[in-house]
Structure formats: C-alpha cells, structure tokens
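Here come two complexes built around chain A, the first alongside chain B, the second alongside chain C.
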Partner chain A sequence: MSKFRLFKEYIFQATGLFSIFILFFILIYMLYSIFINSYKAFYTHKITLTITFTEKMLKNQNLKDPNFASNILKVTLNNLLKTENIKTDDILSLKSIIDLSNLLEKENTALINKTYNLTFLLNSAIDNYLKNNISPQTLTPQILQEIKKLRLTKIIYPIFNIYFFTNNDSFSSELAGIKSAFIGSISSILVALIFSFIIGVSTAIYLEEFSSKKLLHSIVEININNLASVPSIIYGLLGITILQNFLLLPRGSIILSGILLGIISLPTIIINTRLALRGIPNYIKESGYGVGASKHQIIFNLVLPLALPNILTGTVLAMLRALGETAPLLLLGAFIFNTKTPLSLFDKSTSLPIQILLWYNIPSHGFLEKASAAISILILLVILISILTMYLKNKFEKKF
Partner chain B sequence: MSTEVKKITIQNLNVFYNKIQALFDINLYIIEKQVTALIGPSGCGKSTFLRCLNKMNDLIEGCNLSGSITISNQEIINNNINPVLVRTKVGMVFQKANPFIKSIYENIAYPIKIHGMYKDKKDIENKVLESLSKVGLLDEVKNRLHESATLLSGGQQQRLCIARAISINPEVILMDEPCSALDPIATAKIESLIEELSTNFTIIIVTHSMQQAARISQNTAFFHMGNLVEFGKTKEIFNNPKNKRTEDYISGRIG
Partner chain C sequence: MSFLISFMLLIIIIYFSYILIIKTVNKLFNFNITENKYLKIYYGFYIAIPMLVTFLVITLFSSKLILFYLGKTSQQSFPQNSIKSCALYIHLQEDYKCQILNKKDFKSLKVISKKYLTYTDFINSNKINILTLISILSLFLLFLKLHSLKNINEKLGSMVEVFLWCFSLVGILISIGIILSLFLETLKFFHLVPLKNFIFGLKWNPDATNNISQNLGLIPLLNGTILIALIAIIFSSFLGIFSGIYLSEYMPKNLQKIIKPILDVLAGIPTIIYGFFAAITLTPIIQSFLSNFNLILNNESSLIAGIVIGIMITPIITSLTYDVFKTLPKNIKEGALGLGLTKNESIRKICFQMALPNIISSIILAFSRAIGETMIVVMASGLAAKITLSPFDSVTTITTQIVIMLQGDQEFNNPKTLSAFALGFILFLITLFLNIISLYITKKYGYNKK
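After this line comes the complex of A and B, so read on.
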C-alpha cells in the first residue's frame, strides 16, 4: 500500500518535470531559431571607395544629376574590380548614388583636386552573397572573386545596420527598417492602454463594488466573459462598422487601430481587475467602515491602492496580447507598404506584426532576415515590458 | 457614581439574515460613559447586535432589521439616516487588528482627513500624537511614525486601531472581541485602556472571557440563541444571576 502511494507520488513528480522540460525545450528552440534567423539583419556591409575629383571630371556637368554620380561610381567600381561592364546598382545600394549626388551638390567646385575616402552601402544581393554565399546571377565568378578579396582586405567591411532602426519600409531590403512599424505599434498600444484602462477599470469597479447582484448584473457578467473569447477578427468587423464607417476615423490610422486594440483588451482588463478587487480581504473594507469612511473613500483610498499592482499586471498582459494582434488590423487597412513615419494619431501606420507579415511575403533573403529581426524586436519588447511590470509590481505591492 | 444617562436605547430589535432570524425582540439600553459587556456563547447574536449599532449590517446582503435603535435620541434604523454619519459617531474596533495598509501616522490621520476635522497640517499632527498618547502608544512608535503599521506587534496594532477609532471623537466605541487574538500582557494593556477611555466614551464590548467582562464592565448583557436572556449591573449578573441559563453559562455548564 505504502509503496503504491510512493510510486504514485513519483509518477506525479516525473510528469510535472517532463512537462516543464518540454516547455523549456520549446522555448529555447524558439529563441534559438529566431536568433539564428535574425542576427544577420542586424549588420550590413559597406565599401570604401577612393575617389579623386579632377577639374576635367566636374567641368560642364550637372552636379545635381544622379546619373552623373552613378557614372563616377561606375568608373570607380570598374577600376576596383578590374572589369569594364559592371553597373553601379549591381554592387551598390541606390542610397549610395543619392549620397554621392548630395555630396556633389553640396560641395560643388570645392571638391576639385581632392581625394576622398567615401563609404557606400552595398546592395542586398552583394550583402547576401557576403552573408550567405548565395551568388548573385548578374555577376560573373571573377567579379565575385574580386569582391571576396576586397572583403578580406577590409575595403568591404561589416557594420551595425543602423538603417534597420532609422528607416521606414523600402523596396530595397538593405534599406528597409522598422521605424514606422515600431512607432505605429507603440503609439497604438498607448492609445489602447488609455482607452481600455479607464473604461475597463471603471467598469470592473462598478460591477464589483456598486452594482447590486441582480439580473442585469449577471447578464453583463456573462457577456463580458464571452467577449473575452470572441475571435479577434470579429472585432475587426466591429471596427469597420463602428469606428471606420460611423465615427469616420481614417482607415489604417493609429487612432483607429489603437481604439480597436483597446476594445479587444477590454474584457481581459475587466476580468483581471475584478479578480484583483476580489482579492482584497473584507477586513480592509471593514476597517474603513469602522471609522465612518464612505464607500467611495474606501474604494479609492483603501482598496484600489492595494489592488493596483494586480490590476496593472492584468492590464499589461492584455496590452502584450494587443501588441501581437494582427487579424483585426488587417481588416482595418493597416496592411500597407509604409515609407512615411507617422507623425500624428491620424496618420496611416502599420504595426510590427503586420510588418513581419509584409516582409515574410517577399521571396527574398534580405526581407526574410528582416522579418526574423522584426520578430526578435517584438519579442524583446514583450520581455522588456514584462520585466518592467514585474519590477513595478514588486515595488508597489504591499504586504497585508 | 454620577447620574446614569441612557445613551442608546434598543427596542424590539429583530434581525433576519434572509429567512433566518438571528436576533429576537431585543430590548436594551446602554448607559453613557460606562462599559457594557455583551457575553454569550458563539453564534448567539452578540456580534450581530453590535453591528446593528453602527449600521454595519447594512453591508450584508439579505440582512433585515426591524425595531428601533436610538442613539442620543436619534433613530438610526427606520429613517433614512446616512450610515456614514452613524459610523462617525459610533466607532468600531474589530476582533482582528486591521490597521490600514499605510504608515502609522497615516492610519490616524486618514480618518481625521476624510471627515475634514482639521485643515491645517499642524492640527492634524497634534491630533494624531494626542490619539497615540491616549492609547499609550506614542512612546513606543514616535521614532517610526512613518513606517508601515503592519510592522507593529498584534497588541500594538490593536491599540493603534483604538487610537484610530477615538481620533475622530466618536460618542460610542464598539469593540468586537478586541483581545481574543492577544497575549495576556497585551490584553491587560488594552483592558486598562478601556477603563481609562470609559471616562470619556460609551463603550460596548463583546467578549468571550467572563473574567474580562467582570473586570472592566459596569453593565453586562447575556445573549443566548438570539435572545437577550439577562441584562443588568455586572456585579449582580455575576454574583446573583436571576436566570438559570445565565448562571449555567457563567459557571461553565453551557456554552
């Protein structure tokens, strides 16, 4: 008998350990694969070109013309790679031509008889070749050999890819960045937070502390619990009918996505807040009644400060879910190729998960890397917010 | 002894929790500036009775009261009096010490602030210190007024709760077994405190300790099964009970 009992206990512990192991394995593997796929997006390659501007070169030329800049680069590249038939955009990013063109326009004749060591961004084909050794089909093996040599002599060198953070979306993967998606995500989450925290917490306080437990109360309660499990794409339809067609909020704008994400988070916040309020023992309220505090004073001065850490945790959990929400935003026109940084709440903007989708749909190595990198940024954001919340919760939580 | 004034008069008080009757036809009066002890076995309705006096039973769903309770000639059951006003006049100390989860200072300053007794910070501070010294806690905590009240010992917490109750100058203080969770030394301190306070406040105390009732109260009411069995001077109840059930309870045969 006793042996059987011990055996049962052993089995129970082993099952638990096994489950934790499985969970841990999945987590580690996920983080590993995200890292492996994404780290290449965080660096890129640049090339140092030595250009000497002679008077003959600049004479009678339209310095504002990008073709002129492109030509200079073409000649320099052909010299460097010991060929004659290479085009500028075979090697360099379009941005390089614009950079040089801007320099020519700005410095103008001051450039004459000067030698510059200028650095230029390589295009994604060469960048990919250096990262993954996938040969671009436009270039001959000899040229690729030369590029390899330049890489070894550090004329082509890897550098931290700042453009991934400072640029908006782009057709060229070496220039595509998450700036607009990041700003869109953060600002729509903030809108959602303000919207859902105020409405959700007031609803929960009313339901928990003021409403009498009557028929209406139970109807509201059942509905809120149901709403929490409604598929989020249905909220997208709600957003189209109410927010977009009735309230006429601009399609794809931050405020539209934000309010919709707020609505999606509402049931979770209400349920979590009610649980937090219910967790406050009755004697805390009684102590208030004992000194003649009114109900309002008891709730706001005694109960809420104690429940707040848990309310905040619940709210942040709901916000983190909203951060990864994609489906309803697809319906609301956030699935856009956005090259503009959103400046106001009414500007069109995409969000991080949708940016990931957009990039993932492009069959190019550069963009796949970008998609993985955006995923890692999203996960990093979630982890950071969670840690911050844990810290704040521990700091403000009071023992009772 | 000075002249006895009836502070609280209870007439035909019946209390129902939903369909179950908890108190049957209670008639009682509480004398001003004396200690009245309520004794009786568990579940006899003492606490229910106590909670009627500051309308705490209103908070329990399904609780119904009938009859009349007048405090200083003011009826508190039937007319639509604001329970907050009643509770301001009738303070309460609970069985388990329940200081606010705030600093020691804030524990006493909070009731003063919410009732708007004083506006000036200096006045509030004086009142806090005065209340603390009245319960003999000032010397023990004066160096840590702004620490959390939950760090105090059980006895200190209970005295803090008493200080909190008297800080808003109530007329009546209800105490629901204030010493049941305390050791004998802390109990002795609170008992002597109750005696001191009875010169200024009308005190009603629920207790399970017969000796405590005998030591500190001038009047005693014995409850049994929701009925008031006997009410009178403590000396008479303990030395010469008129009712058989009272005698049995005091001598330990029932309860």
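After this line comes the complex of A and C, so read on.
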C-alpha cells in the first residue's frame, strides 16, 4: 500500500514537472523559431563595381539625370559579365542608381580620370536567391551563372544590413526598414508615459492618502478595477468616438495613438502605484507629523520618494504592455504604408507591432523575415527593459 | 507645430511672470520669498492654472464654441462641416465653390462662414494677448490676496488636494466615456437593424448589398469566439494549474525566485508575436501531424488560434495559482503531513480544496482574456462566419469583425461601421459579467490571508 502511495507521489511530481517543462518548451520554441527566421533580415548582399570616369563620358551630359547614372551602371555591369543584354535593375537595386547620381551631382567634374571602387545594393530577387529564399528557376540561367561566379570571387559579398535600421518602409524588400515605425512607437510611448504617469500617480495618491471612504472613492475604485480588465480593442472604439470624432485629433497621428495608449495603461499604473504607496509603513508618516510637517509635505517629501522605485517599475511594465499593443491602433488608422519619417506629433505614423502586421500581409519574398526581425527586436526590447527594471528595483527598493 | 510653439511661449511667459512676482513682492514688502519653497509653488499655481485652462479651452474648443454661437444667433442653421469648408474656400479666395455645398441659401451660408472666419482669425492672432491678459489678471488677484498669505502651507495643501481630485475624476470620465460612446453608437445601430435580428440572426454577411438587416446576426461570431476561448481554456487550465502547484510546492526556492519573474515577463509579450507564431510556425507543424490520421486542417482554424491563446494565458493561470498556494497557511500543510499523508495527498485533498475558488476565478479571468484577445485571432482564425463545432474549420470572432469593420473607411451612418460598436458593446458586457463573477467568487468563497 505504501509503495502504491509513493508511486502516486512520483506520478504527481512528474506531471507537475512535465507541465512546467511543456510550458517553457513551447515558449522557448516560439522565440527560437522567430529568431531563426529573422537572421536573414540582418544581412544583405552588396556588389563592388569598378568605374573609371573619363572626360568623354561626362562631356555634354546632364549629371542630375538618373537615366545617365543608370546607363553608366549598365555599361559597367555588361563589361563585368561580358554580355550586352543585362539591364541595370536586373541586378542592382533602384537605390544604387540614386546613390550614383547623387555622387555625380556632388563631385561633378572632379570625377574625371579617376577610378572608384563603388559598392551597390543588389536587387531583391538576387538577394533572396543568395539567401536561399527562392528557387533558382525564377532567375534567367545566364544571370544565375554569373552571379554564382561573382559570389565565389567575392565581388558580391554579404554585409550587415544597416538599411534595416536606417530606412523607412518600402515595397522592395532589400530597402524596407523599421526606422519610421520605431520612431512612431517610441514617440507615442513617450506621449503615453507623460499622460498616464501624471494622471495615474496623482489619482493613486488621491485615492490612498486624501479621500476618505466616500461615495466617490468607492465608485472610482470599482471603476479602475473594471477598466483594468476591459479588452484593449474596446479602448480602440473609445478612441474612435471620443479622441478622433469629438476632440478631432488627426487619424493615425502619433498624439492620437499616444493618448490612447496612455488611457489603456492608466488603470495598471493606478493599481501599481496604490500597491506601492500601501507598502510604506505608517510609522514613517507619523514621524513626519511628529516633526510638524503638513500632509502634502509628508506625501511629496517622505512617502513618494520611498515608493518611487516600485511606482517606476509598475509604470515601465505598463509602458512595455503599451508598446506591444496592436489592436486599438489598427482601429485608429495606424495601419498605413508609411515611407516618411514622422517629424511632429501630428504626423501620421505606424508603430512597431503594426509594421510587423503590414510585412506579414505582403506576399512577396523577403518580407516574412523582415517581420521576424522586427519581432525579435520588439522581444529583445521588452525582455531587456523588463530585466533591467527588475534589477534596478531590487537595487533601489527599500524593505521595511 | 503651431501648438508646440505656442505651448513653449506659454511656459516662457509663466516663468517670467513668476520671476516678476517674486521681485516685486520682495521690493514692496521687504520680504524674502525665495526662502519659502512652498510659497513659490503657490505663486506658480496661481498664475499657471488659469493660463493653462484658457489655453486648452482656446485650442480645443474655440471653433466649436464659435459654431455654437453662430448657430444660436443666425436665423438659418447649416451643418457645421459645410460652414467650416466654406470658410476654407473663402480663405483660399474661391468663394464660388461655396455654391457646391448649399445651392439654395448660398448667400447666407457665405455670410455666416465669413463671420466664422473673422472670429477664428481674431482668436488665433490674439492667442498670446489673451493669455497675457489673463496672467496679468491673476497677478492682480494675487496682489489683492497678499495680505492673507500667512497659512500658506494649509492653502497649498487644499490646492493640491483639489488638483489631485480633478485628476482622479479622469478615471471615471474614461469609463463613462467608454460606456457612453459604445452605448450611443449601438443605439444608432439598432435604429437601422432591429435588436431581434442582431441577437438571434444566424447569418453574418456585412458585404451584402441588399437587405443588410437580415445579414447582421451575432450567433456565428459568438459561436467562433466561444469555441476558440473554450479550446484555449481546455489547453491552458491543466498546464497552468499543474505548473503553478509544482512551482510553489516542489520547486527549490532559488529556482522559484527566477521562474516567477520570467512568467511575469512572458505574460507581457505582445500578442502579435503569438499570432505570428501561430500562423507561420505552428499551423504547418500541426497540419503535417494531423495528416498522418487523414485529418485536414484549414490554413486558418479555431484549433490553432485556441492553442496559441492557451499558451498566452497559461502564465496568467500559473502565476495566480502560485500566489494562492503561497498564501495558504503553513500549519495546515504541516498538520496534514504530521497525520501521515504524503505531500501530494495533502496538496490534492486539503490545499487544493481550499484554493479551488481562487483557481476557478483565475480561470474565469483567463477566459475573459481569451474572449477579448484580438491579434492572435485576426492572424490565425480567418474570416469565415460559420456555425460549427469542428475545431478544424476556420471561424471568425467578435474582435476580428470589429477590426475588419473599422480598419478602412468609416461611415458613421452605415450599419456596417456601426455594427462594430454593437459588437464592442456585447464584448464589453460579456467581459464585464465574467470579471464580476470572478471577483464575486474570490470575495465570497475564496481563501484570503486576512
């Protein structure tokens, strides 16, 4: 009998261990699969072209004309590949033409009789082929052969994809980047932080320290607990009717999404701040009264500084939630193809999670890995910041 | 940008007027104010608050107030949008275009919008003048009150209290706003589509061109939502409860301290990541697995969405179960062990019984999270509104339809756009109901440390 009971004990423990193991296995597998998908977005391929500018070439030409730059590139490519029927955009990205014509415009006649080793971005088809994203049949056999040769002689070489961080969104996968989405995300989070921190902390102080048990107090308390568990998409509906249609904030702008994110994270901040204020023992306040301080002096000089580490931790965690919030912003018109960097709070902008959704919806090759890369940046941001805040909290928190 | 510039100007004006006050008061009364920190703040409040309030009123409500005033005084009433756009045309010196907006009373519309234009121009050009006027007025008031500034601390205290009270009203305003905005738009919707058709309708086809009131039925959406949430709960409750128990009772304390924060971080991972995982990685794996048994899984199915939502809510259930088991008193566990029970018997027969209401309420809370979840469902469960119980089919949910209805162009007199608000209202009621039940269970039956 006792052996049977012992066996049951082992079975119980094994099930518990197994379920924890499964939970962590799935989560780790999720992160692993996303990271594995994403590494291809972090490098790109470039080609080195040697161009010698002669006086004959530049004479009587409009140097600002992109067609001229394109022609030069075409001639160089055909010389390199020893053919005559390759167009520029078969191999190079459109950005390379712009780069070259910018160089021509800037240097002008100083270029004559000089030889440059210039590096250019490859276009998305060849880039995707070199990353094994697409089958070789999609390229013409002639180009394929030459590309293989150039790859072996290291004229085409892989390099870290800086454009992923410095470019805005684009239709061609070798140029698309997260800059505008990242700026939009960070600035709307800052707006949300200012909005929700001021209102949230002062509400929590009022509820904890000033209000006695009155009608208003109980209404506010019930309200806030309910608001914390309302699905975020309903806040999106609130944003449409009140912020967009009544207060007339422009649709899709940073300030609209920022204020909405602030409203979403407000209940969490209030609850966290109240917990932090409750953690301060009474004798500290009483000693303050004993010295002759008034109530607001005690709150702002004694209680708040002591509770600040916990308040800030709660705020940062709420902001991280807001950073990943997608559904309410979808309703507020942030789901747009944005090629401009937002410059003011009233500019249209996407955010990082919405950029992920946009890239996920594009069927052409190379965008899925961009989405994975954006996700891995988002995850790293969330995990690193939360680990940092937990470390700082443990360091600065005073225990009573 | 003009908003930002005028805001900066406002701050500069406040600062200089503050310095002005300090200096004049020091000279007049031979009184060193800068020593008293609280007096400084009091003066600052006295000047800053009226200015801020007027600034906000001017920037946010001035055009509305003008329109209201014009509507009261003039004999004919025009829609506000046409007045605004006509004013814009007059500003661009293309007066003839006003005729497009209102052919009949085109002349009187022009007169009214000219008035509107002059008023707004006046207010915009005199913004700073108005603000300085108000700052001077409040300065004057301050000088009148200077003799009674002895109990400055008490006054500041009451002022701070009023300030904080105003902020705490924002919480109430937001929830009133949610309820009102949902309710009003839903009422508009029920003018167009009868309540009976909406609640009991078996068809959801918002793109239907004729007879749309027959094609907006809630039942298929409710079916999809509840099916997915049930799959999620079935998947996550077992995992969550067992891992919570193991974590709190068997795991060494050092590991507990590491794993609990990790769970909290995992609960905060953005849901779009789970959705991406569901659509890109999990669907092919489970499809190939099920094809061994000759089962066909759609590319978008409630099974995948349910499983991934289950993964998302498991950390919540785990950490709530962990918290309950940590708060149970030690002497009960030790007493059970002393009577000769094994550890698992004491957990199953005594601790689990005590913690059961809390665990159930945490599961209900997780269920309401699963119902309100959006991004996973949008990416993984599809758009087909069907009445089905098969987990392999694609279904659609309330949240998905809200996103679909409001993502593009919005027309606020079309039942298609308004249906999103009705759906939102239903969603709000369901989640509110579930949350109240879970709160009630913990309050009435749950184990509390006190």
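Going forward, the second predicted complex is superposed on the first by the 356 of 400 C-alpha atoms of A that agree within 3 Å, B and C clash if a C-alpha of one lies under 4 Å from a C-alpha of the other, contacts with A are read in each partner's own complex, and residues count from 1 in each chain.
The rule is short, and it goes like this: a residue touches a chain if its C-beta (ideal position, glycine included) is under 8 Å from a C-beta of that chain, and two chains touch if they have at least 3 such contacts.
Computed from a prediction, not measured in an experiment: that's the story for all the values here.
Undergrad: Give one of first, second, both or neither to describe whether A:Pro363 is in contact with chain B, with chain C, with both, or with none.
TA: A:Pro363 contacts neither chain B nor chain C.
Undergrad: For A:Pro141, using the defined touch cut-off, is the partner it touches chain B, chain C, both, or neither? Pick first, second, both or neither.
TA: After superposing on A, A:Pro141 lies clear of both chain B and chain C.
Undergrad: Can A:Val220 be said to touch chain B (first), chain C (second), both, or neither?
TA: The second partner, chain C, only.
Undergrad: Check whether A:Glu286 is in contact with chain B, with chain C, with both or with neither, and answer first, second, both or neither.
TA: first
Undergrad: Residues of chain A touched: more by chain B or chain C?
TA: After superposing on chain A, more of chain A is contacted by C.
Undergrad: Answer with first, second, both or neither: which of chain B and chain C does A:Gln297 touch in the superposed model?
TA: both
Undergrad: Touching A:Leu207 in the superposition: chain B (first), chain C (second), both, neither?
TA: A:Leu207 sits against chain C, while chain B stays out of touch.
Undergrad: From the superposed pair, tell me which chain A residues show up as contacts to chain B and also as contacts to chain C.
TA: Chain A residues touching both partners: 294, 297.
Undergrad: Using the touch rule from the top, collect the residues of chain A that touch chain B in their complex.
TA: Residue list for chain A touching chain B: 213, 283-284, 286-294, 297, 301-302, 305-306, 398-400.
Undergrad: Under the definition above, what is the set of chain A residues touching chain C in their complex?
TA: 5-6, 8-9, 12-13, 15-20, 22-23, 26-27, 30, 33-34, 37, 198-199, 202-203, 205-207, 210-211, 219-220, 223-227, 229-238, 240-242, 245, 247, 263, 266-267, 270, 294-297, 317, 320-321, 323-327, 330-331, 335, 344-346, 353, 356-357, 360, 368, 371-372, 375, 378-379, 382-383, 386-387, 390
Undergrad: Applying the document's contact rule, which stretches of chain B touch chain A when the two form their complex?
TA: That would be residues 54, 56, 59, 61, 84-89, 91-94, 96, 98-101, 110-111, 114-115, 148, 150, 161, 164-165, 168 of chain B.
Undergrad: Tell me, which parts of chain C touch chain A in their complex?
TA: Within the complex, chain C contacts chain A at residues 1, 3-4, 38, 60, 153-154, 156-157, 160-161, 163-165, 167-168, 170-172, 174-175, 177-178, 181-182, 184-185, 238-239, 242-243, 245-247, 250, 259, 261, 264-266, 268-274, 276-277, 279-281, 311, 314-315, 318, 342-345, 347-348, 365, 368-369, 371-375, 378-379, 399, 402-403, 406-407, 410, 412, 420-421, 424, 427-428, 431-432, 435, 439.
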